[in-house]
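The structures considered in this document are given below.
Shared between the two complexes below is chain A, which pairs with chain B and chain C, respectively.
Let's turn to the complex of A and B:
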């Protein structure tokens, strides 16, 4: 019997994050340091995870250059080190860094329980990171659950407010339900193919013709439903507005962005890599979900009076736009979109937390009245981020929309692109409402200046939005190179 | 970097300079902004001087932006875009000079105006459809803020309406650009968004018509063509004076320019087929705009509706597909920018004094403000198209040119000239003639030297272009002839005999 080779490098980023989480909890118990010290621990594990990811990236490009694909299959093919996984890890780590910065006031405001929230943030990242890197669907499910459960707890960190309670409860119940549907779908795919690993499924289908693929088709549908819930695509989006509104604003952006990135990468890996032979079956379903998400998200956001609910519904619309990039069976547009949107989302919620308070509370659109007088920097930053989400040229959002629309058009989904550009105009309408409030209304009240970490998080998000809008080349090339095995 | 890149970058740099000046030094922002906007004017002046009257693009440059997508920073100028660049750079300093009334957040106002200038110049210079779209859409933001922050009472509504209307149109154009580029890459095997490459795409009749419609919708909203004009009266009326001047002077021209450059250039077959439809819409706009202008009680709204009417002439000339029509369209772009820009300035000046734009509030101003009345009457005559002034040249060329191919429409359009005389002269009569009755009107001060300084250059341009239009037409004609050649070469269409060259004013060797 041969002992399986253990390629530690394949999971070192996750180990760094999980060890960081454990260290934060242990140090808290032993020494009870100030939250800032714990922040350093989180920072170190972030830096280590980032470094290991970059090593993986170099390993992957070396291996691909010489055609040694086998060396990218870690743990007997359980975990992959392909460009796809590396891209996803980089995105997740970037979100985590920004999320920690923008949520720092919330974390320190929790007092002793701040350590728990730091540990949960690190753990959630580790979970989602393993999810997007795994080739094996059971492994993927484990990662999904580690990440999701951490997020459920984070949503309910401010237990004293009923809204946060409600958000956490709703998120937990519906989220578990969605996870169950996903694992059921995985089971049916296993029943149909006898394989748990994505690459194995692809190999299986290239060899045989399944005459009655009902089991497989139902499995595909259930996987789409389960992951569609995680990315808040319509019609599986009903939890999103309540959770976005109820969860502590400081980390809502992190939670939302995390789930979106991991969910979309998982959908892409399972459907496009694992089941390309069934593209005729799943592409129209994705297109339908995308169309519904764009329409429902855009029109529901029009009537929201709370900025967090508005961002939640706009997130539903964005789930639709991102999914538009998948219907043609391509990755690049989706990867670019999900990365730049995550950046905008974290930045926008950092500002929401600074304006409305970082704990869970209402963030009525009236709070933003005349924001440009009270805090010009925050107002201009939020305007840039919102226009970026709206997809105005010279922001990253435009390049992203252009990418997914071009891919969908090339894939033969012209109607979806036309619906997409039209709903984009509808999204302009509600983003402009916030901008009108901030720039064209007057206000007398004052606003405390945002803390330094928040300023950094917002600054980086704005910089990315503008930079990738004018010079999209580095990120686009990275996304184009980040194909899965 | 060459001249055209500088033309775009200099205003952006100017905006950054303005933003760098502290808010407290507010006396600096406006003068410095005017000084900075003189730089692009100087560059554009050199461009006009160095521009050769030959067909094709000049001063071209191209730098890849993102090669896998085939997008590039491609700029160039020809006889159709050069006058528009010149017009833009002339109007921006004047618009800034007319903004002394803006006290609130002046720094941001000046910076926004300079960014707007960069965007407008970019639209006219872009030779890559991706780049063109970026500029076309990006200018919405500064204009949105100019209307929405510094406008009058209903500014938020007007700004949002302006933004959404235009974004709606460009959404279809974006889909069209993607479809066209993909069709090109399927045929040529390489991805490109360059105008020259996309002009070579072979499209089926159905596809070409759909794409024509997608582009035409975006431009028709911008022009605006009846029945898509409803954003215009709101935006014009609510915008501050500088905003109205630039909106009427340049932004509307993005639509007529786009129809000429992109619809005729990319979809010649569909353009020939749609000439009648576009012509009919243009003529409806001419008559409708004029009739509605007659009954406006608000002076600014009257000028706004007169734009709907005048822009109809430009579209009619474009789709007449004759030498006269196209030359008339291009030169009328410039003329309308000058005269309507001046009329909006004049309305703004009286509004600053009386804080009303209602025609019924005035009367007998001739006696109180003779210089003001003089300028107003002069611009009214230019706008009506009095021979010897610039408006005559453009409208005459359009009417002659369109009579060759669309005779019934030309005849109806001619009535627009008469209607213009009615609404403008009647408005003049009610505002300026008679004896001043209202006490407030008797005490009005006449124009200050600054205000005369703003109007005088425009008045001189009206005279120069009216008396010697060949100064521009010589440079326009080769490019419009090239457009006609392209349409003829790619379709079975032939410009009827009296429509091709030999028209009055057409530049030639013998002149």
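Let's turn to the complex of A and C:
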């Protein structure tokens, strides 16, 4: 009998998060404590997950230094503990921490159901975290669904507003559609290769030449479509503006950033690690999706009158920029970009929640008129974050854009880089429109000061945007070391 | 034995019916059933591929997808009920507050 090889360290971060979610629910049922107590439970499980992830990072770099790749395969190769997974976990955990802080007012405002939303946030993080760490595609699907289903519920958390329900419904229908497409792609890849594991697929293709690759090509296309939905890349982006607008503001940034990070890391792992022999087939498809996303996202964002729809369409454009980093078969630029963009996105939505109320689902652009007179700190922070997204030099967005464009240029996609630079210019137009409104115009109404956790979340996001713009080397080196097995 | 390829072709047809139904129908419950149809088409593909390859993994994967489908049913029906309470309709055409 073969004893299965179990390495608990490979999934300890997820265990910490899932146990935290279970603990929050049980404590709520048993003792009905104040939400702040539950916040401590969430904080402890966050800290534990972070600590385990750092241990994983050290283990992974030790094992690579002595060339013991085998010790990075947890659970007989079901779960990987490579730098790629660990980098993704760090990014997801950072988003979760900032998301909890910026959404805290929303969570406490839910009353008794606040515990449910804390548990769902922890569970979604655990799901997406196992998704990016899994080598087995069925496992990846399970992680994707644990994360996505938690996000559907979070989008509909304010049950009494019909907009929140509408957002949940749209997210649910199109998200499940995307999941079904993804798993059908996986099933076709399995039918073509007999493998579910990414590394096994790479081994399979390096050993045989497939004479009739139709099934495999359709499988690759369906996987790209399914994950393209999740990261809201055009032409699969139609759900994103509605969901971002309708979901409770306090939690939208977390939802958006989470799905983007996990989706892009999964795309990179499947295509670059698993199917490098088919790069001639998938790279042009990714380039086409990237070009469409950049163009549609940038031009649709120009005409939006709601800040959250504007951020959603700008997110479509950013999905295009991030995908530009993948067409050359490289991932360092993509990792850096998703990490800094996720930070900017969570920070920007924290400010949106502070301006329009954390459970609200309206955020008209007129609310930002003269924001600098009502709350100078929020206005300056939002300006820095928006300029970071636009890619102004000395912000992290510039370094990120430079990285993905350089990699795509080296990969031979010059036309895509030129299109990317042109659409970057267009993105400046709508970011500057918001900034001009905030600084140049008069305001009438008053604004309550943001709560302490929101201030911390926004402060950290702004700090990251500026710091990684001036001193990007540490994060860039981290991203370069975080290669998949 | 019937050729597993035929089952996979049938699964492809079922998947297409599900996907088209989701795009064409406007009732949330019917759209939801279309998603279930798509997932079951995936299951049929996995079973027949596992049979053709003489490999147990494909058939094991089906159990996981069944569980995911069940979880989706729970959340999806809850969302539909929640909307029905507010609006007394399950048609997605009535959901048109969010636009811009």
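By our rule, the second predicted complex is superposed on the first by the 485 of 485 C-alpha atoms of A that agree within 3 Å, B and C clash if a C-alpha of one lies under 4 Å from a C-alpha of the other, contacts with A are read in each partner's own complex, and residues count from 1 in each chain.
Here is the rule we use: contacts are C-beta pairs under 8 Å (C-beta built on N, C-alpha and C of every residue); 3 or more make two chains touch, one makes a residue touch a chain.
Everything numeric here is computed off the predicted structure, so don't read it as measured data.
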With the two structures laid over each other on chain A, which partner does A:480 touch: chain B (first), chain C (second), both, or neither? first
Just to be sure I read the superposition right, which of the two partners does A:402 touch: chain B = first, chain C = second, or both, or neither? first
Give one of first, second, both or neither to describe whether A:410 is in contact with chain B, with chain C, with both, or with none. first
Once the shared chain is lined up, is A:26 touching chain B (first), chain C (second), both, or neither of them? neither
Going by the touch definition up top, name the partner, chain B or chain C, that contacts more of chain A. C
In the overlay, answer first, second, both or neither for which of chain B and chain C A:393 touches. first
May I ask you to decide whether A:69 touches chain B, chain C, both, or neither, giving the answer as first, second, both or neither? neither
Touch check for A:169: first (chain B), second (chain C), both, or neither? second
Return first, second, both or neither, reflecting whether A:421 touches chain B, chain C, both chains, or no partner chain. first
Footprint overlap on chain A, where chain B in one structure and chain C in the other make contact: none
Touching residues (chain side chain A, partner chain C) in the complex: 138, 141-142, 145, 149, 152-153, 156, 159-160, 162-163, 165-170, 172-173, 176-177, 179-181, 183-184, 187-188, 190-191, 194, 196, 241-242, 245-246, 304-306, 309
What part of chain C is in contact with chain A in the complex they form? 8, 15, 18-19, 22, 28, 31-32, 35, 38-39, 41-42, 45-46, 49, 52-53, 55, 57-58, 61, 64-65, 68, 71-72, 75-76, 78-80, 82-83, 86-87, 92, 95, 97-100
Within the complex, chain B is touched by chain A residues 387, 392-394, 398, 402, 405-406, 409-410, 414, 417-418, 421-422, 424-425, 428-429, 432-433, 436, 439-441, 472-473, 476-477, 480
In their complex, what parts of chain B are in touch with chain A? 65-66, 68-69, 130, 133-135, 137-138, 140-141, 144-145, 148-149, 155-156, 159-160, 163-164, 167-168, 171-172, 174-175, 178-179, 181-182
